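Single-structure report; data block below.
Labels for the chains are A, B, C and D, by order of writing; each one numbers its residues from 1.
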Amino acid sequence: MDKAERMEWLIHRVAREFKTGDVVNLGIGMPVKVANALPDGITIILQSENGFLGLGPSPQEGQEDPDLVNAGGKYSTILPGGSCFDSALSFTIIRGGHVDATVLGALQVDEEGNLANWMIPGKMVPGMGGAMDLVVGARRVIVAMEHTAKNGTPKVLKKCSLPLTAARQVNLVVTDMGVMEVTPQGLVLREMAPGVTFEAIQAATEAKLLLVD
Amino acid sequence: MVEQIPLEEAVNIIEDGMTVMVGGFIGSGAPDQILELLARRGVKDLTLIANDTGILGDALSQLIVNRCLRKVIASHIGTNPETGKQMLAGELEVQLVPQGTLVEQIRSAGAGLGGFLTPTGVATIVEEGKQKISIDAKEYLLELPLSADIALLRAYKADPAGNLVYRRAARNFNPVMATAAKTVIAQVETIVPLGEIDPDEVMTPGIFVHYLVEAKPKGVVQHG
Amino acid sequence: MDKAERMEWLIHRVAREFKTGDVVNLGIGMPVKVANALPDGITIILQSENGFLGLGPSPQEGQEDPDLVNAGGKYSTILPGGSCFDSALSFTIIRGGHVDATVLGALQVDEEGNLANWMIPGKMVPGMGGAMDLVVGARRVIVAMEHTAKNGTPKVLKKCSLPLTAARQVNLVVTDMGVMEVTPQGLVLREMAPGVTFEAIQAATEAKLLLVD
Amino acid sequence: MVEQIPLEEAVNIIEDGMTVMVGGFIGSGAPDQILELLARRGVKDLTLIANDTGILGDALSQLIVNRCLRKVIASHIGTNPETGKQMLAGELEVQLVPQGTLVEQIRSAGAGLGGFLTPTGVATIVEEGKQKISIDAKEYLLELPLSADIALLRAYKADPAGNLVYRRAARNFNPVMATAAKTVIAQVETIVPLGEIDPDEVMTPGIFVHYLVEAKPKGVVQHG
């Protein structure tokens, strides 16, 4: 598979983590694409941390509602059965354990389930937005990202070196090379992308990948 | 008591050095007409409390571009690169706060609470300088209330009693900020006669609101 | 004046404490009668702690709305411009300093501004309801009560002996005998009901009443 | 996922010994049909979390009269003399909590907070056994979250997604309790088709609700 195909595999693989009725918050960027890759028959409820449930697809041109943007500031739609609320209730939902899963990108993730995805000191400091609350509050935290940085260095580490978003909250790491579960024993490799060998994924990973049943 | 005032008069209420909360989320639900005139007038040394600092080109972003601020307290500044630039150059103090903590700090002030315990930020740099308290063996940060001199809000409609109704995702921080400032000014699209807003429809009771400015928003600037 | 006239005086005297636009919470019982005694031209906004602003008069028979009762559980009405909300926002309003004044009855009040109005140990324990929040949160706390207990013993004391509702929060005590303001120096007698002498009100009061300008 | 179930089935979800939150304020907004059947069925050893214990004769009061409870956590029990009688006789444990603290404790649990600081109750018996924390020289009590196995609510209308809309003063504790229980059961007057409730009209998002019981309330018992 080429890079684009592996990214497609990643997105569809993440999409298989949900069951109908799950309340899910998808991070900006690649994670948001998961919504279009759900298996047939699976319907999830998307939460948008700026204040609504029932996030739908982008509106058709000319149908944009200026009062309806998603957490990335893009025009959005709301599905029948959706609801709007203020930021206080939005984070009651998020921090209170009412979100079944969140999918976020990462700069680094490690074998203890630590996550760094909000700043590079002295360089990129966009702010954490709702990420710290999501990672602490969601029942399952799924990291979805390219397996290595653009320069090929590992992003799945023994220990994150960047400032953390949260400690020990990540449950699953899905990359374009495979699926790793955070367990008390460490990172268990659950699955590899088609064509990826154990040697290849381990070589691209700083943390030791465990193979257990 | 609620007063309906023109845009110019509303902007004159805001003085140099004040702490100002601004509703909105990346421009959605922001009181754009008030912000634009405020930036144009050239207010100085404000402390801004808001979810973000807007998108370069929108009304809120002009407060940063025009250097009206001394300090920003926000959860995200990535959609306005000018904020990060001034921050890294040491020209603007920026305090980044998790979004859920930020809204809860504002609510805490509005609700007369002394603070709250949140698990968010534990084991991150957010915990620096904060008291940690363990409840049932779980660690929490003690976060303190956050209030302001002025809250600038945007609502969809209002009545002469100051009751506010927001639309869709434009609600966001607005109702919470309404509770936590000494003076609350709302830019509203339309003011309807008393009695036309059903009591169950009200999202911010009029007792929180001091000034209403009737002005249509210019629309959202799209990010990216 | 007979007893009924003095109670009328009390109610009208409390009603003169407000200016138009004040947000006021009136306790169950006698305090609630203040609403009907407002001077001409004064309009206040009544808050009901079960969850609304704009409390109106009792409904006419046959016009009762089962979903609209006041904090005493009685059928009520809501005036134009009123609003409904949940208990969390109701106590944001109360505890957050958004109520200009509350008027409550008391079992005991003392010269430090301490208030006891929610229980008599081993005897009457109805619970504090919203009173503790109101007394702590309202900008002005006005106690409205008969000057002495049914058996004639003082209720305005040097120090409350019953369990407190709150410490040092009372601003004004209005009884059927007079008006007393709580100051750092003690209880200042501001006014006496018609026909009441200083000797009579001091004799019915355990605390020392101060006369200053 | 939300399920519409008959009254009998809803009542069977509640087991002896559970902690149950009940919405309503002196009967207004209480899920009377569920409570009445529950009291009649004779459940045992419940811990009740509610603003009050109803008015003698109403649905909630029957849980006390029928001795279904082990413990009550409430702000006021004066409108149901049976509660005070059982308490003074040592037959029922009653914990009285200031109303604003009670609703905030429930909200705290629902919002994933570890607790909050309130000035309410300082220097009263409410402070006994609680941690006191000073912020800017003002004393506060640290109050902890309060959650439940079950929340029994009443709403005016619902849709098949579980979204709830309350009417007038019947809202009270209901929306907050919806956030703080493992299982949330709402008695609703009417269930309308999906899409008929506008997103801005929703007061409790459907994701909080597990079961809907369509049943009209029998009406409010007047106090005094």
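As a convention for this text, a residue touches a chain if its C-beta (ideal position, glycine included) is under 8 Å from a C-beta of that chain, and two chains touch if they have at least 3 such contacts.
Since we're looking at a predicted model, the values are computed, not measured.
S.K.: Higher C-beta contact count, A-B or B-C?
M.R.: Between B-C and A-B, contacts are more numerous in A-B.
S.K.: List the centre-to-centre spacing of chain A and chain B in whole Å, with centres computed as mean CA coordinates.
M.R.: About 28 Å separates the centre of chain A from that of chain B.
S.K.: For chain B and chain D, let me know how many angstrom lie between their CA-based centres, rounded off.
M.R.: Centre separation, chain B to chain D: 32 Å.
S.K.: When the C-alpha atoms of chain B and chain C are each averaged to a single point, how far apart are the two points in Å?
M.R.: Roughly 35 Å, centre to centre.
S.K.: At what distance in angstrom does the C-alpha mean of chain C lie from that of chain A?
M.R.: Whole-Å distance between the two chain centres: 55.
S.K.: Residues of chain D that touch two or more other chains: which are they?
M.R.: As it turns out, chain D has residues touching two or more other chains at 104, 107, 111-113, 118-119, 166-168, 171, 199-200.
S.K.: Using the touch rule from the top of the page, what residues of chain C touch 2 or more other chains?
M.R.: Only 52, 78, 84-85, 91, 94-95, 136-137 qualify.
S.K.: Who touches whom among the chains?
M.R.: Contacting pairs: A-B, A-D, B-C, B-D, C-D.
S.K.: Along chain C, where are the residues that touch chain D in the complex?
M.R.: The touching residues are 48-52, 65-76, 78, 84-88, 90-91, 94-95, 122, 125-133, 136-137, 163-168.
S.K.: Which residues, counting only chain D, touch chain C once they are in their complex?
M.R.: 25-29, 51-52, 55, 74-79, 84, 87-88, 94, 96, 98-101, 103-104, 107, 118-126, 156, 166-176, 203, 217, 219-220, 222-224
S.K.: State the interface residues of chain D toward chain A in the complex, per the touch definition above.
M.R.: Of all residues in chain D, those touching chain A are 1, 107, 109-113, 159-161, 163, 179, 194-195, 199-200, 202, 205-208.
S.K.: If you look only at chain D, which of its residues touch chain B in the complex?
M.R.: Touch residues, chain D against chain B: 104, 108, 111-119, 133, 135, 138, 140, 142, 144, 165-168, 171, 199-201.
S.K.: Quick check on the complex: what are the chain C residues that touch chain B?
M.R.: Touching chain B from chain C are residues 20-21, 23, 45, 52-54, 78, 80-85, 89, 91-98, 136-137.
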